[in-house]
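Input: structures, listed below.
First chain A sits with chain B, and in the next complex the same chain sits with chain C.
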Partner chain A sequence: MLDTAPAVRKPPGRRTSGRVRLRRRPRLGPYLLIAPTVAVIAVLMFWPMLQIGIMSFQKVGNRQLRGEPAEQVGTGNFEKILNDPFFWQTLKHTVLFAAVAVTLTLVIGTLVGLLLNKLGKRMSAFVAGGVMIAWATPPVTAAIIFSWLFGSTGGLVNWTLDMLPDALVGGGWSDHNWFATPLSTYTVLTVCVVWQACPFIAVSVLAGLKSVPGELYEAARVDGSGPWRTFWSITYPMLKPIFLVLVVMSIIWDFKVFTQLFIMSGMANRDAFNLSLYAYSEAFGSLNPKLGMGSAIALVLTVILLVVTALYVRVMVRQGETR
Partner chain B sequence: MKFIKVAAAAAAIALAATACGGEDGDGAGAGKDPAQLKVWMMGEGTPEQTEFLDAVEADFKAEHPDTDVQIKYVPWPQVATTFQKAAAGGEGPDVTEIGNTDVQSHIAQGNLADITDEFKGWADGKTLNKTALGNDQADGKTYAVPWYGGVRGVWYRTDWFQELGIQQPKNWAELTAAAKKIQDEKKVPGIGVPSDQTNALLSFIWGNDGTVAVQDNGQWKGRLDQPQAVEAVNFYAGLVAKEKVAPEKYVGKNELEGPQRDFALGKLGMYFDGSWALKEMKKIADKDAGKWGVFPIPTKAGGNAPVMAGGSDLGVWADSEAKAAAFDYITILNNAKHAKAWADYSGFSSMRSDVKFSDPKLAVFTDIAANTQFPPISAGWGEFEQAKKVLPNAVKAIMQGAPAEAELKKANEQANTLLNAS
Partner chain C sequence: MRLTTAKRPGGAGGRPPTMRRLTRKILLNGTGLLVFVLAVFPVFWMASTAFKPNTEIFSTTPKPFPVDPTLEHFDLVLNGRIAEVSFWEYFRNSALLAIATVLVSGLLALMAATAVARFRFRFRTTFLVMLIVVQMVPLEALVIPLFLDLKTLDLLNSLGGLTLVYIGFAVPFAIWMLRGFVAAVPRELEEAAAIDGAGPVRTFFTVMLPLVAPGLVATSIFSFITAWNEFIFAYTFLNDQDKYTLPIMLQFFFGRSGNAWGPIMAASTLLTIPVIAFFLLVQRRMVSGLTAGAVKG
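After this line comes the complex of A and B, so read on.
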């Protein structure tokens, strides 16, 4: 990740010659080197994904898990899902949450990255270390911490809001239930997810900034450019390839958020479900698992993710921004 | 994944083969003791639980000296996924504890061995609660035996009731009034009414002569849209929405995610929970423990409402190769001596009629337990209540202002389909 920028900045001439040489004389070496990785990924990722694909056209419950042949239901699972208004509600939640969370993550992450670049060496290392703790926190831990912070008995947030003057924030906070309505649940979720995701953006942006030649900024300063103008005229164009990767990764991460929401609001609040929770509740929610339905929902989520990512990458490539 | 499937398929074939060959009697291995007996118990495995099971094991060993008993604790929240894995991977137990609302699902999925004959040969079987036993049977065959049960009541503060001159509420209006008085005088929420506590909600529906569903010619027919049920749910949710004697902070939660802790800390007037809550609350804060009391959930008109008999049963796993020893273990675990020891430790009442609840503080639960009912005995109940959480979500919506008639009509349609699905 961190060495993306230099790689992209290679002169185009050399890459062309390399490609020509490869075509003439195919070498086995590189393939052998990546073979173990591919094998592991194939067993741990592609095989289960294939299974999900197969199961999404079947009815799979405990009896099937025990070894009975699964019943083929064709596109029945998908028809059931797509005709269920609840599916569209969870889809709406998923998309809206991703849009808001990705935007916030990128904006805040970039700002922190710029700050890190401006700070002195020691302070920068200190702040970077601090934000990396948020990145390193496991999602389960983060979710538990946040549900305590926003909890109704002894929660720090409610306590603080209650201590503040009523004229400022209103009264009655001590018993406020943050997880009662989807909007406020998702507000807490957004804070938690963004808090965890922005350090990665910040550090990536910082790495990119380090590779931008200082002369460009010097020239901009001489020309009298302010920070806003400098960012959009120099930093952003120079770091575009990094931003492309970061946006795609953030979209993927935020689309499939599960752990945090599962811990914060759980199965009893269906009105706050997203697609991942919906798939889980169908597949594993009770003693009568419906793995076929769960797989179908997971497949839909994957397809959406692939389409969104593909569209975005295509637009970027069209504009020649990956060069 | 593939290996698991292959293994599961192999296990199934092997099982089918033995089942076909074993028609003539109890199977070849019935007489011999297995080297190992795997026992699954639910819960976290506290030192007391372990000590209790050690005593059971000692008695079991006296009869089966060559068998090594292996206990595995399955925390309640992981029960569904653990059993799914057991079914898929063939790594199941020999004897297992089962939450009683899950028994029918297990039977429908073929997870449990048919123990009809063994049960007939067990003299103590006659002491077991008949209603609870009915839940362990299907098509005239017995698949599990009731072990312990628990019922819920209303926990309250005896000192506050005395100080404010509140009599034990006998009907819904008095319950509301009591909550209101506590809320006004003590400056704490009057009563905890979480939306995700179907076990308490059912008492209100039953206490108003309503029900979730009735069986008619083998078909379940939802009754949640009937006026009795609508009125009961309206009252339950109305404690939050209309009367405002229950705080909004428990919406979307269950009784363990707030009410229990708040009551133990003296920050809540009343809440619904069972006898087992006493030892949990003492862990949170035992300074007021002497002032806690319990009264039965009242009906609308007056009297004790029927309560849901929650609890656990014991079954022999279908894949077990040591069914005779497994059933022997059950008879020892659930004999009069150990049933008594378990009740004393756990606070749950035994399902044996010859084992009485002795703790005076919990004596009231014996009264409450005289009037129990069961939610629909259907494999679909798991889907209805656990996966879809139909009632908790309907109650939540009503607490947040949705009309009860419309929400319960939707819930009733769900009951019509889910309870009949197999």
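After this line comes the complex of A and C, so read on.
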């Protein structure tokens, strides 16, 4: 579609005669067009973010919900959190889970992407289609399916482990409860999240690979480069921009994982909380809601993610995405 | 394709090259098949369980396919004998929410995408950066303030209030996706319409809209899925059972009836199938929207 008169549009850059005409008009148009969106985002995203900041220095509970003004507590909420070993435990869970899940997602996703690129056309489309199904599954359903697969009665995973020779995996799996300890809960959560997140990485890596000129690989082959070397000296540098985006997005997604953990392990199982579940349970988990405390925890999470986002925006701007 | 194939100088072992190519092909396709099976299996297992009678679900020797398929679980779910309220009522709530989200966010996104793709104006870059940032905000953290805001506006426990929230979530990505489609419409077409005497409104409806329609469909499906799948906000904001959406009904049911895996899987299947179908329709555009041009290097 670009070859419709490129000569007219391209060469003089931005100020072709056609556009000069547009430029002279009083230009309210674009502002009117974005105004509703800006309003929606301001009201539904920026104002609430500001509120989190404000509320994290307040006590907001049942009385405030009945309409009394909020009580200022200064840095009280943060002092309480930072001195509470439970907060550090949830932070540890969040960071460790993100580290493991992001690494696994990226490694497996990239490998699948490379595989899709190597397969024949039809086979590649077939496998990609299957992989998409994992991505498309709603998080709520995914969490329920994995609870069933890892269930203690009738769960397929326990059955399989029981079938395997004891020397390999040990015995006594038949009624093993995967949701008894945080470690094994997070194991199931990791499997579930990685299963859902890999496809996106794989498909993006595939799209990237398709854009790498074939001559480069040709040249590498002529020079006798093996697959490992070819990956690190051609594929990786060529895909570096896309990897950066994928790493940042994965970190953000895995840091704030909520729905899956909420369904698998629930609000009652405090030992397995991560930051977002902890914030939620402080705010809504009991009959004595502590929205201020919840906001303070949510603020910690938001600040961590904003730092990561800042990195992401820098990458996007440098790559010319905002042009 | 056969890029890194050949050339492992010493390792050939004297086998004829056709033989080696064949083994390689079998190995590759075998791995591909394995990946396919691993990716599809959980969803397959969900659907398979949904059709199994209870004796087979809890059998000590699970079979991949139902030996004696039954619709009893679907019957339980669809005829409202699981949580007093009929499945169709939850379905209606979910569908209403999703459709309202699609319509409003589609309109907003089309307007904003036109602005971004067709005009250069001050704050344009600021606006685009804002769209990126907003997509990265942990929505989970916004539950608390939005709960209070909706409470103040008396919009808690209402599907209308929830729609408002979903629109906010869907719009940024929708704009990001649509702007490429708008930019791809040749400006000359609009100019030609203008020369023929069509006003901006007429030009929009006769030239622009038909050409961005495919993009609008893709964006709409994305917004639909966002609203259809959403869990925490619906869970937190809705109190009355007759206002629940499908994911809430599923969670509620899952929490209450512990091990009734048959009906749980039947309900999950009903929730999932439309999403997978829609998703497969638009997945290509989703990918290019999410990583938009990051490949350019």
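Observations on the model:
Methods note: the second predicted complex is superposed on the first by the 267 of 323 C-alpha atoms of A that agree within 3 Å, B and C clash if a C-alpha of one lies under 4 Å from a C-alpha of the other, contacts with A are read in each partner's own complex, and residues count from 1 in each chain.
Just so it is clear, a residue touches a chain if its C-beta (ideal position, glycine included) is under 8 Å from a C-beta of that chain, and two chains touch if they have at least 3 such contacts.
Quick caveat, the model's predicted, so the values are computed rather than measured.
Using the contact criterion defined above for the overlaid structures, shared-chain residue A:T153 touches chain B and also reaches chain C. A count of residues in chain A touched by chain B and by chain C gives the higher number to C. Of the two partner chains placed by superposition, only chain B is touched by A:S286; chain C is not. Look at A:M123: by the touch rule set out above, it reaches chain C but stays clear of chain B. By the document's definition of touching, both partners, chain B and chain C, reach A:L65. In the superposed model, A:A268 makes contact with chain B only, not with chain C. By the document's definition of touching, both partners, chain B and chain C, reach A:Q51.
Of the two partner chains, neither chain B nor chain C is touched by A:G109. In the overlay built on the shared chain, the residue A:N177 is in contact with chain B alone; chain C does not reach it.
Put simply, chain A uses residues 47-48, 51, 65, 153, 266, 284 to touch chain B in one complex and chain C in the other. The touching residues of chain A, counted against chain C in their complex, run 1, 4-5, 8-9, 14, 18, 22, 27, 29-31, 33-34, 36-38, 40-41, 43-45, 47-49, 51-52, 55, 60, 65, 112, 115-120, 123-124, 126-127, 129-142, 144-149, 151, 153-154, 156, 159, 195, 199-200, 203-204, 207-208, 211, 214, 217-218, 220-221, 224-227, 230, 238-239, 241-242, 244-246, 249, 252, 255-256, 258-259, 262-263, 266, 276, 279-280, 283-284, 291, 294-295, 298-299, 301-302, 305-306, 308-309, 312-313, 316-317, 319-322.
Those residues of chain B that touch chain A in the shared complex are 1-2, 5, 8-13, 79-81, 83-84, 87-88, 102, 105-106, 108-111, 189, 195-196, 247-254, 258, 261-262, 265, 267, 379-380, 382-383, 385-389, 392-393, 396-397, 400. Partner chain B is touched in their complex by these residues of chain A: 47-48, 51, 61-63, 65-68, 152-153, 175-177, 179-181, 265-271, 281-282, 284-290.
For chain C in complex with chain A, the residues that touch the partner chain are 1, 3-4, 6-9, 28-29, 31-33, 35-37, 39-40, 42-43, 45-46, 49, 57-60, 62, 108-109, 111-112, 114-116, 118-121, 124-125, 127-130, 132-134, 136-149, 151, 164-165, 167-169, 171-172, 175, 184, 186-188, 191, 225, 228-229, 231-232, 236, 247, 250-251, 254-255, 259, 261, 264-265, 268, 271-272, 275-276, 279-280, 283, 287-288, 290-297.
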